[in-house]
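For reference, chains read A, B, C, D, E and F in written order, and residue numbers begin at 1 within each chain.
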Amino acid sequence: MRFDGRKFDQMRPVNVIRNYTKYAEGSVYIEVGDTRVICNVSIEDKVPIFLRGKGEGWITCEYNMLPRATQIRKIRDITRGKIDGRTMEIQRLIGRVLRSVVDLKALGEKTLWIDCDVIQADGGTRTTAITGAFIAIVDAVNKLHRKKNFKVYPIRKYLSAISVGIVNNEKLLDLCYAEDSNAQVDMNIAMTDDGEFVEIQGTGEEKPFSRKDLNQLMDLGENGIKKMIEIEKRSLKMDALWIGTGDKK
Amino acid sequence: MRFDGRKFDQMRPVNVIRNYTKYAEGSVYIEVGDTRVICNVSIEDKVPIFLRGKGEGWITCEYNMLPRATQIRKIRDITRGKIDGRTMEIQRLIGRVLRSVVDLKALGEKTLWIDCDVIQADGGTRTTAITGAFIAIVDAVNKLHRKKNFKVYPIRKYLSAISVGIVNNEKLLDLCYAEDSNAQVDMNIAMTDDGEFVEIQGTGEEKPFSRKDLNQLMDLGENGIKKMIEIEKRSLKMDALWIGTGDKK
Amino acid sequence: MRFDGRKFDQMRPVNVIRNYTKYAEGSVYIEVGDTRVICNVSIEDKVPIFLRGKGEGWITCEYNMLPRATQIRKIRDITRGKIDGRTMEIQRLIGRVLRSVVDLKALGEKTLWIDCDVIQADGGTRTTAITGAFIAIVDAVNKLHRKKNFKVYPIRKYLSAISVGIVNNEKLLDLCYAEDSNAQVDMNIAMTDDGEFVEIQGTGEEKPFSRKDLNQLMDLGENGIKKMIEIEKRSLKMDALWIGTGDKK
Amino acid sequence: MRFDGRKFDQMRPVNVIRNYTKYAEGSVYIEVGDTRVICNVSIEDKVPIFLRGKGEGWITCEYNMLPRATQIRKIRDITRGKIDGRTMEIQRLIGRVLRSVVDLKALGEKTLWIDCDVIQADGGTRTTAITGAFIAIVDAVNKLHRKKNFKVYPIRKYLSAISVGIVNNEKLLDLCYAEDSNAQVDMNIAMTDDGEFVEIQGTGEEKPFSRKDLNQLMDLGENGIKKMIEIEKRSLKMDALWIGTGDKK
Amino acid sequence: MRFDGRKFDQMRPVNVIRNYTKYAEGSVYIEVGDTRVICNVSIEDKVPIFLRGKGEGWITCEYNMLPRATQIRKIRDITRGKIDGRTMEIQRLIGRVLRSVVDLKALGEKTLWIDCDVIQADGGTRTTAITGAFIAIVDAVNKLHRKKNFKVYPIRKYLSAISVGIVNNEKLLDLCYAEDSNAQVDMNIAMTDDGEFVEIQGTGEEKPFSRKDLNQLMDLGENGIKKMIEIEKRSLKMDALWIGTGDKK
Amino acid sequence: MRFDGRKFDQMRPVNVIRNYTKYAEGSVYIEVGDTRVICNVSIEDKVPIFLRGKGEGWITCEYNMLPRATQIRKIRDITRGKIDGRTMEIQRLIGRVLRSVVDLKALGEKTLWIDCDVIQADGGTRTTAITGAFIAIVDAVNKLHRKKNFKVYPIRKYLSAISVGIVNNEKLLDLCYAEDSNAQVDMNIAMTDDGEFVEIQGTGEEKPFSRKDLNQLMDLGENGIKKMIEIEKRSLKMDALWIGTGDKK
């Protein structure tokens, strides 16, 4: 039995609200337990310099926490004068992971800006943001699709992410903050609906881990991600219709 | 009849949720029409250098908009490398206005940090933030009061704010963005429950205004603020019990 | 009787030197009591991005104080790494107020840069800067007018600004620093020569103020501004000839 | 056969020079193929604020590339005004990984600063830096040990890191830049001498990867790391004497 | 005959106003031709960290130009986000040169902040600033001396600076901007009243120069500096009384 | 006899490695005693804005020290958030001095970026960097010359630099750090192979110096530079063939 009554392989309750704000092309509010994130996707009709003229699109992410998303108020980046390393790492991760399931050629010369703003943090903000951002990207891409009808629909697969870890020598799924801050091993996994990895990041700062540990954590994560993708499907319903239809790879 | 069907002296619907997040000492989500702001108040047990050792408290505010709170995505401050002038002006205003109704000596050597984060902007974000921040400060101060019982309860008066303006030569209360962006005169008023001004800021960039205009706008604003303070009272209910009880001034 | 022997409705002595430096298109040195400001206007043959191609001009202001303009040496912005909020507020105010009396369409695609650098500060630097900047803009615009003969002369009205306030329950005109730092209510007013407001900013951080207070302060300010505009006229003499001649509004 | 004639499981030649510069407490120059990194370790007799008074030490890393370490000159961070995300990620990784094999309590209230400066980059700079930094830390800790004789020798295990990846559907060890820039899957592994993981970071931005792929890459990496740890031992010789002797965990 | 009618060894007219502003401990306005600089000296009762507890004082300088001190408006440092290299070089020079004639031990644990703000630039701003700063330092030090009576009076010598250069193969004293911008060789010299060098900086970016050129430029500069020190003496009169009286070196 | 056994007019041993890294168009590793600098030259096919369209090239320099190039670890510029003044001064000096021997018209619209990164600092880093950068520029320019055959070969003269100074009243050549930090007078000289000065910078912060001192230091420096240019010739051998052949001036 865990801290909050869950079993070792049990996720926290998930709640998704689509079209959360009125201006963004895709806008999702997502709760996983007490972790709450707003994921807005904006479409911009140009691409970064390194891609200009190549006919390809780009996906980039900015991640931020409200100062009081955490127990202790965190100073705003602009006050400190720089983005902290953790934020950088997370926003690079989210962008990279979402690019892996989008056909950027099919998207054409557009940038999808993902803004993940954490309202309340209780562990797993980066994996929650990935799941929220995935849904928001589907909504944003569909808005384009209904207008201009992509020849090849750009979203190739479902994608979700979850954390796993070892806490007090127990392997657990979906760590909340109290667990995460005591974890011996901490791992984030992003996976597609056909069960392939897009990203693994595992750290044993407190205690190194064996190959066997790794494989057990993968099992746990894979199950969690399957459930999370079910939630995405329930949330998107008919709007998920086109996912994977354009995929040639 | 206005853009959105309101009468010239009619406010937009207001919605307040207290205890919106779980960590902040005071946490209010407030909607005025489509403008939505999260106002979190954090208590810190120290004061800025210029006040140390004087036995007085301080109130300071940081204001920010999510990048996609607006129609066009706004670049984050940290990406631009500096706070923009409008943000500075607004957060200075909010801090100053709230300090005017709090007895900082009674508060003692504590800082109240107000974080106003705009989720969606549709005109009047600064006045909405002032109203939300007032309620959040009451909650935060009450948390202290229940613990340590202030000799003098620090909140002296109710306070609220509202915008008024001249649009197409009509004087209007509570401008939404479509009105605000076409206003000839734009004014923000903060007032206490005994009908005294704490702040007036009026600009006639498009068209100068006369003393008569000023007085009519004041009438309009005063009525709006009375209604807004009613909403504060309904929202706070018994938790407003102590407001003004400690006031000697 | 005030601190420095003035009556409640008496301004400090004003001294204006035009063509103060040799490079700027308009260059004014202005003293109001011990407050001394250099106001330089530079003409640039382009406009900010948001105005390009619209055939309109722009006016923008930068305000700064020499580090030892004040009793205590103030650290330079570049050393602190950021502009402080008060500076931001003031330069936004000066730019906005001056734009209100200039016909930006008539000006054409040009930017007037106003640089207000405070040599010595003794209260009222922002209102002094507005008055100095107005004269400098007339000089800069006339330099253009003599060269290219505007179809519509762009300066529509005289403009000046003054501070008023309540100190020890007395309403006073043109506060010096010793008064300003003890003011219960502090107000800045910018007005045109036909007695209309362009800007009002009033703060009762120490003590809220009533509608009656507001109206008395307005009376006081209006009289001060009339005198200040007389000084502008005396200083500009024949060079003020065209002001208002192009105005159709 | 690979680009540079190596077999799929063959590392590039490694060259290590200890005591490379004369001031740093530990100073290692390391080459892995054409990747060249200087790893300097400095000892500071204090710890970051969050550790003060806890009797524990800290290890932190800064990573940087000379502007012309790469084919195209890279603008210096200070010119751009910010550290780029990749640099942040790498320096956080190096610090975290090295902390995992050092007993920070045994170290006492000291900070080890690791500076990894890349002279020439040809793939694998982060893993090369980890290996170089490990040797430099041993030298720096030994310098302390010879002076003050730690009760518990702080370095618990050997540690090294290597990259593996999938290029053209082939699984390869120790990717050079030409391979890395075309990799479908890119993975960095840090491991101790008893074959346990300290960090895994794998990305399939170009192509997701299966559990089987993951396990094959782990096999490849494990072998590479064993060889790398042999090189560390050869390089340190008698100076490795104490590693692991203090370990109680 | 030069551009402005001067002979090759003739300085421009010099004008000095002491006590130019009312707050600074030393405040000098200095004109050399059309170059105009305000030099304010502030006394701070502490020293930089590297000097704390050593019983010695420090002198540091900040130099800046008003944006329109030059023909083309120069963007403020704070807008560009960094001090430009030329400014850095100049303020380091001014501080260093003035420290060379002040007995910092005799001064005690105080910092003299020199602020040199250029109102109008027409060549030779750095040498003009040195001369102005010297007079301002005498005034600031005398203010202290009258209050606390230094055991050893800290100012040991007169100091001044001047520019020399080669323009169209002519060696000239005190270059104005038109000359300076065409100079083949550009040199700044700071010297004491006993004819010894404190600083020489000569650059032959356009044309290298011989030892003979160097010696002729030194002759020219030495004469200029003698005249400049005469001007300092005339300006300071009785207030220069103590200079050199404390000198033991 | 000096600190390290040298005579007053003896330089430290010099060691030069050309083609030190593989990507830069010119890459030199240079040691002068224990001072070690990497000088990389990169060719960019464009020029700064102020030169565009003039058919001329540019040379610019960035100088930096590894954090542990010095006895005490120096915080990286990017961590402090700004370049320090000494660095600015040095990189401006290096760029200026090298431009003086290159025919920028002959070079055409190209920028040569010089990156001088100090691996270990023991006095004389700026003069060492100038000598190293000169050799690297020859290599970079030759690379261009072999490809496109300049009509006029752009390098006109040999150039080198050396430090001289007065320490304990002795005049010394090529100061190491222990001497430099105790120098009464500190001077850097850059000179061409025909014995003309390109730059002199001399400071007597500790003790002013006479004309006679100056001339003796010049003698010492001139001899040192002759030897240093011999070293350049030995290092470049046949690759110095074209130097001066294109010179018309």
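We adopt the following convention: a contact is a pair of C-beta atoms (placed from the backbone, for glycine too) under 8 Å apart; a residue touches a chain by one contact, two chains touch by 3 or more.
What you are looking at is a predicted structure, and each value in this text was computed from that prediction instead of being measured.
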| said: Strictly by the touch rule at the top, which chains does chain A share as contacts with chain C? | reply: B
| query | Given the pairs D-F, A-D or A-B, which one repeats the contacts seen at E-F for over half of the pairs? | reply | A-D
| Interface residue overlap between copies chain A and chain D, same or different (over half shared) | same
| message | Using mean CA coordinates as chain centres, what's the gap between chain C and chain E in Å? | response | 34
| Roughly how many whole angstrom separate the Cα centroids of chain C and chain D? | 60
| message | If a residue has to touch 2 or more other chains to count, which residues of chain A qualify? | response | 81-83
| Quick one: ring order starting at chain D, direction chain F? | D, F, E, C, B, A
| Which chain B residues qualify as touching chain A in the complex? | 21-24, 27, 34, 36, 38, 40, 42, 44, 62, 64, 66-71, 73, 76-79, 82-83, 113, 115, 117, 119-120
| remark: Per the touch rule, the chain C residues reaching chain B in their complex are 82-83, 85-86, 88-89, 91-92, 96, 99-100, 157, 191-192, 194-206, 208-211, 214-215, 218
